[in-house]
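Shared chain: chain A. Partners: chain B in the first complex, chain C in the second.
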Partner chain A sequence: MTRSGRWAEWGVSLPSFVWLTVFFVVPTLIVLSIAFHAPSSDGGFASGFTMETWKAVVRTPYKEIVWRTIWISAVTTAVCILLSLPCAYSIARMNTRWRAIVAGLIMLPFWTSFIVRVFAWRTLLNPEGFLQHVLIALGLADASVSLNYNSGAILVVSVYSFLPFAIMPIYTAAEKFDFSLMEAARDLGARSFFAFRKIFLPGVKRGVVSAILMVFIPAIGSYVIPDLVGGRDSELIGNKIYQRTFPDRNLPHASALAAVMGFSVLLPLAWVAWMIKRQDAREAKRLAEATARKLSGGAA
Partner chain B sequence: MKRSKFAVVVLGLVMVFLYLPIVVLVANSFNEAKFGGEWAGFTFKWYKALFSSQNHAIWEAFQRSIIVATFATFASCVIGTTAAVALHRWKGRLQSIHYGLIYTPLVMPEILMGISLLMMFTAAGIGCGLTTIWIAHTTFCVSYVAMTVLARLQDFDDRITEAAYDLGAGPFYAFFHVVLPILLPGIVAGGLLAFTLSIDDFVITFFVTGPGADTLPLKIYSMIKHSRQMPVINSLSTLMLLMTCLLVAASRLVANRRRRVRTR
Partner chain C sequence: MADEFLVFDHVTKRFGALTAVDDVSFSIKKGEFFSLLGPSGCGKTTLLRMVGGFERPDSGRIYLDGKDITDAPPNMRRVHTVFQNYALFPTMTIWDNIAFSLRLAKKPKAEIEESVDAILEMIRMSDHAWKYPSQLSGGQKQRVAIARALVDRPQVLLLDEPLAALDLKLRQHMLLELDTIHDQVGITFVYVTHDQGEAMSLSDRIAVMNLGKVEQLDTAAKIYEAPRSSFVAAFIGDTNFLVGEIVSTEGDYCTIKVEGLGAVSAYNDRKLDVGRKVHLSVRPEKIRVTLNPPPPEKGAGINIFTAEVTDVIYQGVYTKYWLKSGGRSMSALKPHSRFLLDQESITWKDRVYLWWHPDDGYMVENFSPMDVSLIQDPPAPKESSTP
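Entry: the complex of A and B
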């Protein structure tokens, strides 16, 4: 590259580089470093290195909160994927006009205020609210059952909030899927569900993987949902980070919890990156072998 | 061929699930009853309350949201577009680091970005307020704008820029008169996304807000938290929903018309 080319590259890259370094990389490093300090009495952090914060984080009751966050996120992800697969399948089977309408209707809630949607659920699940009345009228519950302020409520509202992000990537993959493969399988005697599992599912695998990430990551980082519909015994990491930052003013503990959250997000990301790389390598190898076979066959 | 009935039924139930809370919310905004469990008659009083002087703070918060979103959109469009141009134009080591820098904020949970910015502002002794909210919003919007513009650049024909150079244009002239007009739809799309995300953001704003700088989502949150005037939140939310639907419909209309013009 010419000298002026390199200058131009630096010049054009500079604004985003500087902005994101100052307001993204540096703050992240600050959070990590604060976790190795002790809290000071004035609500900041003391100088001097310590491992005490980390020891406290590994011990209870943080451990319980971390596990609860991970399993609620995992169940949310599983439910979202199970609901998204048939949805994406049936949207992809519609004609173009209907496809656009239904896909638009699924994404429309995403364009509306998140806090308003969680509030709508809070009212819906309220003891005086619509769902309780319906359940009592159907004889499925009485006034003593509480729909709000527990892990179940967090789960329902999380599925509600993240479902569009699971449907869309799977639908995008399903749109490119060749449905005549399913017909062929059925002509050969496969049952519908077998064809769905063995042909459709592998066909939309990439979409499913990105759907998992699109749900799992925000679920781990959830704060508003557990805060508004969760209860005292269903706190998640997000609530704890807030609590340690503001009411308790224990910044080192908040930082350590933030680091734990960061790792819980990075781990599945790294796993997916590794899987894709391995799959690409395997496909490349298979292709190379097939080519070699063809070539040697041609030679023979 | 036979369609799977099961899949269609699931889709129908999911649609009910997605719209049930919204329908109940809109219905309750016209409901005389305060708690909205039962229908007690039709009323406009929650809308009247929303526009009364008592709720002036809501509109002030709304104004602040618009101001922050406007400035954050502008800044993130400038920074995001230059980033996308750099990522598209050069493919070296520097750009792969650059790509990582742009991509990571997209997968970072909001609360982490909020707490890390708060700790930096605290460490640097910067007081929180509208400026820190603007900085935070710009930071997370840059990545979205950059990705949107980058997608648009993928079908950009680089020979057009070369032709401009051959005809004697300098790099700045070529950028502003050739590249920018072609990129404009991508930048507008990215800007719309940035504006929506900024106006809707709660978590990050919650961490970096200061006294008297509450944006609309923060205001709604504190009303929910203190169980103050719940039915007024219903009427406000209904108006917000209506606005969103109109905006989405308008952008669809514009996009369709453009497509029709292009195919002609």
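Entry: the complex of A and C
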């Protein structure tokens, strides 16, 4: 690339770079730095460096909450991906008109406020609610079982809320997928499910990766869902951050928790990035080895 | 049995109101290079996809080697397809692409390696084994697609317009290569194309299809020289249709009175009687165009007419002449050579003789006026005298 071309590229990416730095990196660092101050009585933080907050965070038994947050997020992500794959596959196989209609239907819930939709679930899952009555009528549950205010409720509502965010990136990838490859696989002797797994899945790999991120990241930071349909025994880290910020008026403690949460999002992100890189490297290595084998074989 | 290897028995397929394949019955021989030739939408690809298992016929059966395969899923038939867009798996290397069917069949590792390496050798792609499809050229992808479909020796190889995406020179090269591969493997090939040149140069037999039906099933030469219908005559190559009525018969020949032209002598292979309305197809390259009348020793019994040249189109290999004789237009092709009888160049507005042997015309059995539109029309007459 020419020198002027490189400068032009810099010039174009500069505004978004500045934006991200000023409104994302700097605030994150500010939040992190607050965790090293002592709380003040007015709900803010005092000047002067201290490690007391971190010691308090470590002392408080958060292990269970962090663990619950991670497994609920992970299960939500897994369920969303498993549901999205066949869904995206079948939408991509529809004709253009039906595709637009179904894609529109998937986006339709977004016309209603997120909080209203979660509230609707709270009503549905209520002991006097529709679902409980149906389950009792079918003999699958009795009145003592609570559908609401537990981890199960959080899971169901999370899957419901985040499913469109999983379908959309996979569908976008599936739309570009060449379905004659599936026919080719079937033609060469593969059963439908094998073709789906070995041809379709690798074909939409990048879509699946972004779907995982699109679900896992908001699920980790989820606050409204556990607050509305979760119970005392199913709090997530999002609820704790809220409690530390407002009722407890301990901003440094909340900041420390936010930092922990931030890292628990960054770690899987880094892991995904590393996996992709490693796979590319493995393919390159295999290519090089095979070429070497070919060359030595030719010499022998 | 060998003559009825792949059998279509009254096969019909509809898509909504459209009948893509309309009650088709024929059989393909074992080891044959068979072509399905026709314009787009004639049903040839649908027929092929039914053999592959990607479409189910609405009625009729398909048999392969005596077994009914009509309802078998694609993975349960020993039939492989070479797709028009190659459909190579982009996330796999060339080697893995070719090994795909062998691995699915759970063949021993050593056997897989041997078969894949051997076929890579055959298509001269051994050096590219570890590349990905995106790193190959069109012709290379084509060869890999063929190798992938042939490696586990299917009973039938289906080729769906495999050369359509290649440029002319590469296409000609791949034609030779396909021919060689077919000779080497001895597997039955069913080749779908709309290109008559491809079909004629490769096939043992050709089924010419139109509007979901097989119009004629024959060798390339038979189809070209003795087209049964006006569609076959007009779709394969170029032709002139002369419409008339038989006025007399003499042995194997008959005389047809063609309106605007006069008496035309033709070979009467179907022994049609006087009074029958017939449609004679005379291909342009069978018609000679000269400034002088044909020499008497050649002139006996042949059709000779005088005409005016209305247009001359130079086409390299030959020149196409549009001629007007007695109010009707005809086209004729003439190669260029000093050694030909007629050395003088013939140009626009010349008075010429056009002549052909009665054996060079063929009376088609079925005539549809619609098919005449497949033939090139004479150019509009020129007003000014600019050449």
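The criterion applied here is as follows: the second predicted complex is superposed on the first by the 234 of 300 C-alpha atoms of A that agree within 3 Å, B and C clash if a C-alpha of one lies under 4 Å from a C-alpha of the other, contacts with A are read in each partner's own complex, and residues count from 1 in each chain.
Following the convention adopted for this analysis, a residue touches a chain if its C-beta (ideal position, glycine included) is under 8 Å from a C-beta of that chain, and two chains touch if they have at least 3 such contacts.
Keep in mind it's a predicted model, so treat the numbers as computed, not measured.
By the touch criterion defined above, A:23 reaches chain B but does not reach chain C. Legend: residue contacts after superposition of the two complexes on their common chain; A:183 is shown touching both chain B and chain C.
Of the two partner chains placed around the shared chain by superposition, chain B is the only one that A:128 touches, whereas chain C remains out of contact. Using the contact criterion defined above for the overlaid structures, shared-chain residue A:46 touches neither chain B nor chain C, since it reaches no partner.
More residues of chain A lie in contact with B than with the other chain of the pair chain B and chain C.
Contacts of A:101 after superposition: neither chain B nor chain C is touched.
Looking at the shared chain after the overlay, A:191 reaches chain C, while chain B stays out of its contact range.
Of the two partner chains placed around the shared chain by superposition, neither chain B nor chain C is touched by A:275.
Once chain A of one complex is fitted onto chain A of the other, the partner contacts of A:89 are limited to chain B, with no touch recorded for chain C.
In the superposition on chain A, contact is made by A:203 with chain C only, not with chain B.
On chain A, the surface touched by chain B in one complex and the surface touched by chain C in the other have residues 183 in common.
Per the touch definition, chain C reaches chain A in the complex via residues 52-54, 73-75, 79-81, 83, 85, 87-91, 93, 95, 100-101, 104-105, 126-127, 129-131, 148-149, 152.
Note for the complex: chain B touches chain A at residues 1, 3-4, 6-8, 10-11, 14-15, 17-22, 24-25, 28, 35-38, 78-80, 82-83, 85-86, 89-90, 92, 94-95, 98, 101-102, 104-105, 107-113, 115-120, 122-123, 135-136, 138-139, 142, 146, 171, 196, 200, 202-203, 207, 217, 220-221, 224, 230, 233-234, 237, 240-241, 244-245, 247-248, 252.
Residues of chain A that touch chain C in their complex: 178, 180-181, 183-191, 194, 199, 202-203, 205, 286-287, 290-291, 294.
The part of chain A that touches chain B in the complex is made up of residues 1, 8-10, 12-17, 19-21, 23-28, 30-31, 34, 44, 83, 86-87, 89-91, 93, 102, 104-106, 108-109, 111-117, 119-124, 126, 128-130, 132-133, 160, 163-164, 167, 183, 192, 196, 213, 217-218, 220-221, 223-224, 228, 238, 241-242, 245, 251, 254-255, 258, 261-262, 265, 269.
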